[in-house]
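Next come two complexes, and both contain chain A; in the first it sits with chain B, in the second with chain C.
On to the complex of A and B.
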């Protein structure tokens, strides 16, 4: 049996080796070949066969915006109506937090009521922290909002907070409803899945312009984009959470005579609440991820501050605004997680108690807010934090980057040249040389190997989409940049993950670092990276690695931690050394989980490529970015779909191989 | 009770503070678009302040430079203060072609876009700013990736500019590397300037960079429209683009409806005029000396009162 498996393994490895060799030969010589044979189609997909999808999409969009009519109202009126609906609560929240209530329009507007003072808002979040958990969380919330005030980020932070407060409920409610529908009707679930995949993999830049056209200029478009981006995890988690509710509970509901509606809202949803809160948490984090991109189409707030300060190369100011986003994210994240935990029933209130006793925090906050409002008319520092007391790290960061730049540039340059010439450029040449037809065959073959003919067909179709739109060359640059970054992120990330899984203290430190890296807008570190490494692939690679490191670490740590303790026990009993325990038991058993981590790393790397286009790369990310700046809808969407195609191919192949691996280790 | 009293008081106070609006055609706000570079924010705020003085109600809307034309065509947006001949011409022509958008003339500022180098490069390359001299010392501008060719850092591909074509047509020993955004472009300049390292890159004016950094534009054969359209023109008989980049005005554009709805404002916007030097100084104040944009605008308004009084007559 073992012998047979060994022989089988070696046979497939021979096939793979042969394929690799052919690929290498083709990659190296196809250009010469196409010249010698005068057959340009070898390296370039013939222009005559290309799909004109770009123009079709642009034309369809134009028709939608300018002509589409449902009789009673036009499509444009419908989307504008929707925009109006979102705008009303947004304006309300914005007035409360930031602008105050105004009478009149434009510059003729007059403030009739100022916004909540900074003291009142801070008090509210402290009370919320205490209500959700304990004084420790309350303290964290208080410190976070104090940071915003002290570092002069208050006004922008409130604008950002207002958009989060609106985007999150819309995202959660929409996700919940779609998720429930998918739970109830299987066909809906099947239809929704590919749409969710696309929503998560198409870069946001690709659909910003159409959203602008349909929803008008201003913060509403940014909100719509945020909601689209942040909703998919909520949908998925809702469906999963509802499926995970034990049958007995559902049966019990049916027995006690629930209608279907009652069963859903009174039984299933409340039971699934802890899981659903994980989804809410995801929506909050993703909404904050969108802050920068949303500010590019008029959301203002912290994102705009980051962009504006980096445009004038004020690294310190950019970092402070970026940290403000991180602080906001951490505060909201901890708060939402605290709400997700079931609270002790000691909080139950009896009706007989007075209002004051039942709602001490609410009352306190209300009184304080009104008092601040009143006092704010007489003392300006109560209404808004005094400018004189604001702190800034000022030019410290600029000086730091400058001194690194002056003293270590040559060393950094040497490292960069080494990496480029020994690793990155050879990979780029190899991938870039593969003729499209052979590449297509390879993708289909790999799909067949990992997951049978279904996967093979899917991969072939997706690859064909990329090729037929004339994007093969750019797609290969994308695969190169993303692949190189993923390899490096994995090499760095997995050991850190293993280490932090076995060491409690390291785990906490690593946790803080990767949380920061994931919520800090990448633009903040992109500019210093360019100053030290120049415009080019290397800078882009560093930015991608920094961003995509987190899942590699997280999943590796999680995989090691969740290895069945009985198996480790068995290892110890049979006399394994510590090293053997790690390499023979923990690591192999954690492998499927690690594979999922790599999968997530690839997804994040792909989503980051659009951002790295901002420092100049020549891949699909750049294609999307060009389309954005030229407001070319069709071009952007086609390139976005091509990125999605790459993401889906990678995702399905890795999922399939993780599944077969799990089977091999008997974990399934 | 106490709060309602204070509210009432506040209401009365703010009523008193309301500016007395002069007679204007419509009190609906005129929407001016804001983009993400300081010069444009300044121009737009100056325009806004002047219109306010004339009694108009104005509103600022954040919008993308190119995508805003969709809004200008439909009347969602009303005025865009800076459309550069060099980067916005195509989109502007398309929009004015529909008849829904009007060109309201020049702002008075001239857009310059060209190859630029810091002054210290003159030591290594004494013949500058002549482009032939630049080409002679191309190797001094090379990096590990481009050697022996010089490295020229171009603007984002979306800016156009035909630099790849220019290098080929003038047979220059340079490789064009495109930055993705202007932040990345100037980050490299800042880095090189700190180390006094060789660099030649795309710089444009009005911008804070030529104010902050000491340097010059490279002198290419002067641009003519024939140079771009006719291969026979210039030193290379077989290729176009064997000359420098066009310099051109920065235009003001507006939704056509502005003329009917606010004819007075339409005339004021047309009259608005400012030059490169003034703008460059103001941009430097905001971006380099971290003065507040509002203060810089207010300052200009007081020192130039006679000028804008003339516009709003």
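On to the complex of A and C.
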């Protein structure tokens, strides 16, 4: 029996080794071969066989916008209506926070009412912090907004805040309704699931183009993109949260004679509220994550500042705006988390008490806002924070970068070229050389090995999609960049995860760092990296690693921590040393969990790749980015789908192998 | 006077699994457990027949997984029975429209749950007022009624607390108050005390009996605890593998268990707690000034008879002698010997 297993193992490893060898040979010599045989199809997918999906999609979009008519209204009117619906509240909030209320049109407009003064807004967030939790949170909120004022980010921050304030309710309400529908109707759930999967793997850039096409350049487009991007997790969380409501509570609702609607809105949704708030928090964080990307299609504010300075390579200004986004993100994150906590018992809010006693904060904030409004007419510094007192750190950062670059240029350069020449470029060459037909076969074979013929078929179809659209070469660059980054993230992340799982102090510190890393909008990673290493694959790799490190650490730590303590004790009793405990018991048992972490790392890396296209990588991300700048809908969507295809292949293969591993350990 | 039947179910089936309805229709009469298993179906309730009388406490008792909850959920129409007939006050529950069912639930049914099922976002007061609020009653009368039932279960003063701020026993009091707020005619309790500590459980049982002595509801009470069943029940239905094996008063169960399975349950029950004088007395009528009631439990009169040291006259509710009881019989019962009357 054992012998047989042993032989089987060695046979598969021989097969794998042979495959690798063939791949290497093909990768190295196929170019020469295709030249010698004059068979170009070996390295390039024949142009005649390509699908014309790109053009079809573009044509379909064009038809939609220009001709589609649903009888009562045209498609154009529908999108205009939707835009109008979003625009109204947005303009209102923007007026309140940033632009003030205007009378008249264009340059002839006069301001009839100024926006809320910076003092009033800060007071409001302080009050919100106090209401949601305690004075500590109130202080944090106050400091955050004060920071925005003092560092001269106020105006941009308010524009960004306005778009968040609009995007979040739309995202939450939309997600909630879709989630409820999925909860109620199984067929809807089944139909929605693959769409959500796709939405979460397809890079945002891919749907920026069609949105741009439908809604035009401007804040509405940006809001639509943000809402679409931030909604999927809310849908999922809603469905999960409703399913997690104990059956008894639903039964109770029915037994009290609730109608369907009462059951949903008076029983299930309120009971699921703590879980739903996690979704709201997600929507807020994802909306903030979109701030910079959305500025590409017309959102102003902090995102625009970052993007503009990134384009100018004005590191100082970019970093300042970037940090302002982080500050805003941290403040809103904490605030929304505090709102998710259950309230204290309601003794204090007697119905009989006066308005003042019941709503002291609301009243205070109202009075203060009006007072500021009045005083603002006489004293400008009350209306807006005086410029003379603003602090800028831009020059400091510029100087810092300059001095680092002067003093450490050679060292940084050495690290960079070492990594590039010994690791990254060989991998790139190897992957890039694989002929498409062989690559296709390999993917299908791997799918079959990990998950049987179903997975094999799925992988083959997805890979065919990429190949048939002529994107094989670019896809391989994507795989290379993503692969290299994931390997490095794993090499760094897993040991940190292991260490923090075994050491409580380290665990706490690492926890804080990861949390911070995850609240940062992805663009922010680019700034310092570009500062130090300029554009290119290496910078892209570092940015991706920073962004995607968190799950590798987190899952490794979690996997180690959740190993059954009895097994550890069994190990101790049989005389394992600490090292043996780790390598013989903890690590193997945590492996399935670690695999999931790697899976997440890959997903994050892929989503970051599109952003790194900004610093000049030549992969699918760049393809999407070019499509965006050229407003080429078909090209953008196809490239986006190709990235999603890679993500799905990786995800399914890893999930399948983690599953079989779990089964082998009997953990399932 | 015969009590009227409040709720009855006839040949009720609940099978879980694919094609349950077709299977049942096809198999005609009563399929066995084995046949169900072969068809990949779970027979959660099999051919249940019960009649719950007005004003009685009807206990359904069985081990975990025996189908008690499923049966009650069928009775309350929380799940659709696979087959069978349900009559509430003579009306077929299964033929009712959605709207009628909602009306019945709003005004005539109440239910208490094992894990309380309190709404976490509402205070005690709002929780209790919830069923009234759902009916669309105005706020003031909701609140007044809610305060009244909260007072009834002894929780006044805690109205503004949230459920999580209460102990388990208190939470279940809220659950009970809430189910009573609409003044239901039929009251379902699904293992209401199973999640509580033994001491609190006893206390809650007393509380429950106190409430029932005031309210006289028709009650369907579920438990897996035979002691609890004996303590509370007027009649007990014993379930096993989805089947009702026996329906009887506690006393009959102890005296004449229908199967060995039931006998196994009753074996450990102290007889003195269950048996009445009537079931062990001798028919011989004797004279005596000191008497015991025919319906008294042995436990209650043991001291009296023993200290008398001689047979005592047994009288019925009108004071007419119907038999006699000897101290030795009492001792037989107390030590669990077979009683030959």
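Following the convention adopted for this analysis, the second predicted complex is superposed on the first by the 581 of 668 C-alpha atoms of A that agree within 3 Å, B and C clash if a C-alpha of one lies under 4 Å from a C-alpha of the other, contacts with A are read in each partner's own complex, and residues count from 1 in each chain.
Here, contacts are C-beta pairs under 8 Å (C-beta built on N, C-alpha and C of every residue); 3 or more make two chains touch, one makes a residue touch a chain.
Remember, predicted model here, so these are calculated numbers, not experimental data.
Taking chain A as the reference, the larger set of touched residues comes from B, when chain B and chain C are compared.
Contacts of A:225 after superposition: neither chain B nor chain C is touched.
In the overlay built on the shared chain, the residue A:605 is in contact with neither chain B nor chain C. Of the two partner chains placed by superposition, only chain B is touched by A:625; chain C is not. In the superposed model, A:266 makes contact with chain C only, not with chain B. After overlaying the two complexes on the shared chain, residue contacts for A:257 are found with chain C alone; chain B is out of touch. In the superposed pair of complexes, A:249 makes contact with chain C only, with no contact to chain B. When the shared chain is aligned, chain B comes close enough to touch A:111, but chain C does not.
The touching residues of chain A, when paired with chain C in their complex, are 246, 248-249, 251-252, 254-259, 262, 266-267, 270-271, 273, 342-343, 345-347. Against chain A, the residues of chain C that register as touching in their complex are 73, 76, 78, 102-107, 109-111, 113-117, 119-123, 130-131, 133-135, 160-162, 164-165, 182, 188.
Within the complex formed with chain A, the chain B residues making contact are 2-3, 6-7, 9-11, 14-15, 17-19, 21, 27-31, 33, 36-38, 48, 52, 57-59, 61-71, 76-77, 91, 143-145, 153, 156-158, 177-188, 190-191, 194-195, 197, 208, 287-288, 290. If you check the complex, the residues on chain A that touch chain B are 65, 105-108, 110-113, 209, 212-213, 216-218, 296-300, 304, 307-308, 310-314, 370, 373-374, 377, 402, 405-406, 409, 413, 417, 420, 523, 526-528, 530-532, 534-536, 612-618, 622, 625-626, 629-631.
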